[in-house]
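Take a look at the structures listed below.
Two complexes are shown next, each including subunit A; its partner changes from subunit B in the first to subunit C in the second.
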Partner chain A sequence: MAAASLPSALQSLANYRAHNTRVSQEVVEKGKLLLKAKSASKLGDDAWAFLEQLALAAIDVAKYEVADECLRLLAAKFPDSPRVDVLSGIRMEATQPPEIALKFYDELLEKDSSNAAICKRRISVLIRTGKVEQAVLELSEYLDTFYSDVEGWVELAELYSSCHQYTFATQALSHALLLAPQNPFYVLQFAETAYTADDIPLAVKMFMLCLDIVDKHTSEESIPTGVSIRAWYGVKLCCRALSGRSCSSASDTPLPKNLNLLDELATERILTAYSAAGKDNATIRELVLTWMGPSDRSGGRVHFVR
Partner chain B sequence: MSSSAVSLYLDPQIRDWVLFPITLVMILVGILRHYVVLLLQSPPKKLAREAIREQRALARSQILRATSASSPIPPSYYRSISNRLVAAFEAGTYLKDGPPQGDAPSTPANPMTDPAAMDGMMAGMKTQMVMMVPQMVIMGWINFFFQGFVLIKLPFPLTLGFKSMLQRGIETPDMDVRWVSSLSWYFLNFFGLNGLYRLILGNDNSAADTSQTMMASPFAAGANQPGQPQDYVKLFKAEKDNLAFAEGLYCWMGDDVETRLLRKYGRL
Partner chain C sequence: MIGRLFLLIATLLVLHAAFSTYEHLSHLKSLGKPEGSLPYDIILEAIIGLTMGIFGASMNASPLKEVTWSSEMKTRSIDEMDARLGFANYVNRGRNFLS
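This part shows the complex of A and B:
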C-alpha cells in the first residue's frame, strides 16, 4: 500500500515545489511517509530538494523532530552550504528567541556579506520583532545592492505605509513598477498609496493606468472583475474627491481632462460589475447605488492602506 | 550520369570497422570530456557585497532607461531616480573602492598581475585544452589510418557545392557528391552530435558547446567572466550620458491615459 503511493506522493511533492505552493500539512504527511521508507537515497539528486521542502513545511506546522531529521541529513551532505545555513536559521527562529537567530545570521553575514537570503531572513526577524526602523534601514541597504528584488521593494513600501510614510512608500513602489511594469497589482498599490497620501491627481492617473493594463484584452462589454473593479472604485473615489475641492498634488501631476466623463464612466463600470442576475447581486447593487448617491454628496473618505 | 550506372560498392568491413568506430569514439570522447570538464571546474568565486553592488549599479540604470520611452512611473519620480543615479555615478558612490582620489589615472588592472583574474583565465584555458586536445587526436587518428576512405553514401542528392564539405581528403573531380569521406564524416559528427549529447547528458552539458568555444580564444572567454577587472569608472561615465539621453525620450504612460480609457469605452 505504502509502496504504491510513494511515486504519486513524490509526484505531487515535486509539483508543489515547481509551483511554490504552500500546503505544509500535506507536504509533511507525504514527506513523513517517504522519510520513513528511506527512499531518500533512491531519489538521487531530487532527494535534497525534497528534504529542504519537507524541512520548511515541518517548521511551518511545528513538527520540529521531522525538520531536525531533514536538517541533519542535509547538513551531513552539504556541510558548508549557505542554503542549509538559511534553513537552520529558520529552524532556530521557530523555537529560539529572536536575538539568538539574529546573532546566528550576523555571524553568517560576517563570513559572507553577499548572501542575499540571509540578509532577507535577518530583515524578516527584525520586522517580526517590531524593530521596523532598523528593518527599513537594512532593507534599503539590501535593495541598494540587490536592486532587482521586486518583492523587497514592495515589502519596503509596506513597511513605510505601516509607519504612515506614504510618500516614501510610493517611492519604493516606483522601483517595483520599474522592475515589473506589466504587473497591475503594483500599479494598483501605488495608486492606493498615493490616494492615502492625499495626492489625488496622481492616484487617479495610476488607477487609470492600472485599468489600462488590466483591460488591454477585455472588450468594452465585459464585466469588470478583481483588480479592475477595485481600480474603478478608486477612480470613482478620486473623481468624487476632485470634484469637491481643488486638490494639490505633491508630485505636480496635472488633473485629468474630462473629469465628468470619467466619473460617469466609473459609475457605469462599477454598476456593470453587479449587473448579473442573482439575489446577492441585487442587494449589493442597491447598496452601491446608495453609496454612489447624488454626485455632490461627499461620503467619508475611505482609506485604502491600513 | 545516373548514379546506378557507375556505382561504387563499399566493403561492409568499412562500415563495421571505420564508420561505426569513428562515430562511437566521438560520442564516447564527448561524454568523457563532459565529465573531465566537470572535474576541472572550480567553484564560482564569492564576490564581496561591494563588488556586487558595483556590478549591478549599471543594471539599475539600464532598467530605468529600458522603460523610459513609455515609463510606468510619473515624471517627478522618474526624475528623482534618474538624478540620483547620475549624481551617484558622478561621485563614484557605487565604486567598490570608494570614489576615485584626486586625478590619479584610473587604469584597469593588468589581468596578468591580478591573481584572481589569472585564476579565471587558467580555468578558461584548461577547459579549452580539454576541448581541443581530444579533437586533435581523433583527427590525427582518422588522417593516419583512414585517409581517403569513402565511408557512406547519403540517401539524397546534393549539389556540387557540397563537394568540398563532404569529400574532404579525396581529390576526385568526378565522384558523386553523395559519397562522404572519412574526414568529412568526422566533421559532420563534430558539429552534428550536439543534439545527441544534449539527449544523453542533459541540457547544460559541457560536451555540446564545442563548436562555439572552439572559436573563442581563452583570453576572450576569460574577459566575459564575471569578476574580471573592468573599468567601472569609464562605464559609469558612459552610463551617465545614456541616462541623459533616456531622460530626453522619457514619456509617462499616464499622460493621456484618460483619453485612451474614455476612447476605449466610447465616451470620446
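This part shows the complex of A and C:
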C-alpha cells in the first residue's frame, strides 16, 4: 500500500503547492508517509519544496517534532539560506512569545535589509499581536520598496477593511489591479469593497468589469458559476440600491444607463444559475425567487434556461 | 489511431522512395550517365509520403489547450487568491485540539 500511494501522495502534494491550498492535516499525514520512506533521491528536485511545505503544515497543526525534522534536513542542505531562516522564524513564532520572534527577525534584517520574506513575517507577527497601526505603517513602507508584491497590496487592503477604512482599502486594491489586471478575483474584491464603502456607481462598474473579464469567451446561453454568480449578485444589489435611493459617488463615477435592463439581466442570470434540474435546487430556487422580490418574478422578458 | 497509421505508412513510403532513389542513381552511375533525372513514380511516392505524413501528424497531435486568461482563471478558486502565504498566520487554535 505504501509503495503504490507514494507517487499519488507526491502528486497531490504538488497540486496543493501549486494551488496554495491549506489542508495542513492531510499534508502532514501524507508527508509523514513520505518522510518515513526516506527516499530523498526518489523525490528528486521537488524534495526541498516538499520539505518546506511539510514543515509549514506541521507547524500549522502543532506537530513540532515533524517540523523540527524537516527544518534539520533543510538546514543541513542549505546552510545560510534566507528561506530556511524564514522557516526557523516561523517555528520560533509558534512556540516562543512574539517579542522573541520579532527580535530574531530584526537581527536578520540588520544583516540583510532586503529580505522581503522576513519583512512580511514581521508584519504578520504585528498583525497577530494586534498592533494594527504599526503593521499598516510597516506594510506601507514595505510596499514602497517592493511595489510589485500583489500579495502585499491585498494584505494591506484586508488590514484597512478590518479597520473599516474602506476607501483606503480600495486604494490599495487599485494597486493590486494594476499589477494583476487579468485576475477577476481582485476586481470582485474591489467591487465588493467599493459597495461597502457606499460608492455604488463605482461598485456596479467594477462588478460589470469583473463579469467582462470572466465571461469574455462564454456564450450567452451558458450557466454562470463561481465568480460570475457572485458578481451578478453584486450587480443585483447595486441596482436595488440605485433604484431605491439617490447615490452619490465619492469617485465621481457616472451611473449606468438602462438601469432597468441591467436589473432584469442580473435577475435572469442569477435565476438561470439555480435552474438546473434536481430536488435540492428547487428549494434553493424558491428562496432566491423570494429574495428577488415580487416585482421581478413575473417579468415578461425574463426567460429561464433549463 | 488513424493518425499513427498514416504516420507509419508515410515513413515507410519516404524510406522506400529514398532507397529507390539511391538504387536508381547507382544504376545510372553504373551505366555511365550520372546526370539522369529521377523517374516520376519515385517523386510521386515521396510527395504522397509527405502528404500522408502531414495528415498523420495533424491527426496524432494532442488535444488543444485553452489559451485565454479567462479560461485559466476559471480553473482557479477564490481561496487560492486569498491565501497570501507570505503573511500567513501559523499560530492558531489548531495547537489546542490537533496535537
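Keep in mind that, in the parts below, the second predicted complex is superposed on the first by the 228 of 306 C-alpha atoms of A that agree within 3 Å, B and C clash if a C-alpha of one lies under 4 Å from a C-alpha of the other, contacts with A are read in each partner's own complex, and residues count from 1 in each chain.
Keep in mind that, in the parts below, a contact is a pair of C-beta atoms (placed from the backbone, for glycine too) under 8 Å apart; a residue touches a chain by one contact, two chains touch by 3 or more.
In this text the structure is predicted, and so the values were computed from the model without any measurement.
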item: Fit-or-clash call for subunit B and subunit C when the two complexes are aligned on subunit A; value: fit
item: Which superposed partner A:S114 touches (first subunit B, second subunit C, both, neither); value: first
item: Partner chain in contact with A:E151 - subunit B first, subunit C second, else both or neither; value: second
item: Which of subunit B and subunit C A:L265 touches, first, second, both or neither; value: first
item: Touched partner set for A:H19, first subunit B, second subunit C, both or neither; value: second
item: Partner chain(s) touched by A:D215 [first = subunit B, second = subunit C, both, neither]; value: both
item: Which of subunit B and subunit C A:L51 touches, first, second, both or neither; value: neither
item: Which superposed partner A:K205 touches (first subunit B, second subunit C, both, neither); value: first
item: First, second, both or neither for A:V227, with subunit B first and subunit C second; value: second
item: Touched partner set for A:L73, first subunit B, second subunit C, both or neither; value: neither
item: Nearest-approach distance, in Å, of subunit C Cα atoms to those of subunit B in the combined model; value: 6
item: Residues of subunit A contacting subunit B in one complex and subunit C in the other; value: 215
item: Interface residues, subunit A side, partner subunit B - complex; value: 112-114, 144-148, 170-171, 174-175, 177-179, 181, 187, 202, 205-206, 208-209, 211-212, 215, 220, 251-253, 256-258, 261-262, 264-265, 269
item: Of subunit C, residues touching subunit A in the complex; value: 68-71, 73-74, 76-92, 94-95, 98-99
item: Of subunit A, residues touching subunit C in the complex; value: 19-22, 24-25, 56, 59-64, 90, 93-94, 117, 120-121, 123-124, 127-128, 149, 151-152, 154-155, 158, 182-186, 188, 213-218, 226-227
item: Complex contacts: residues of subunit B adjacent to subunit A; value: 46-49, 51-53, 56, 59-60, 63-64, 67, 71-77, 80-81, 253-254, 257-262, 264-268
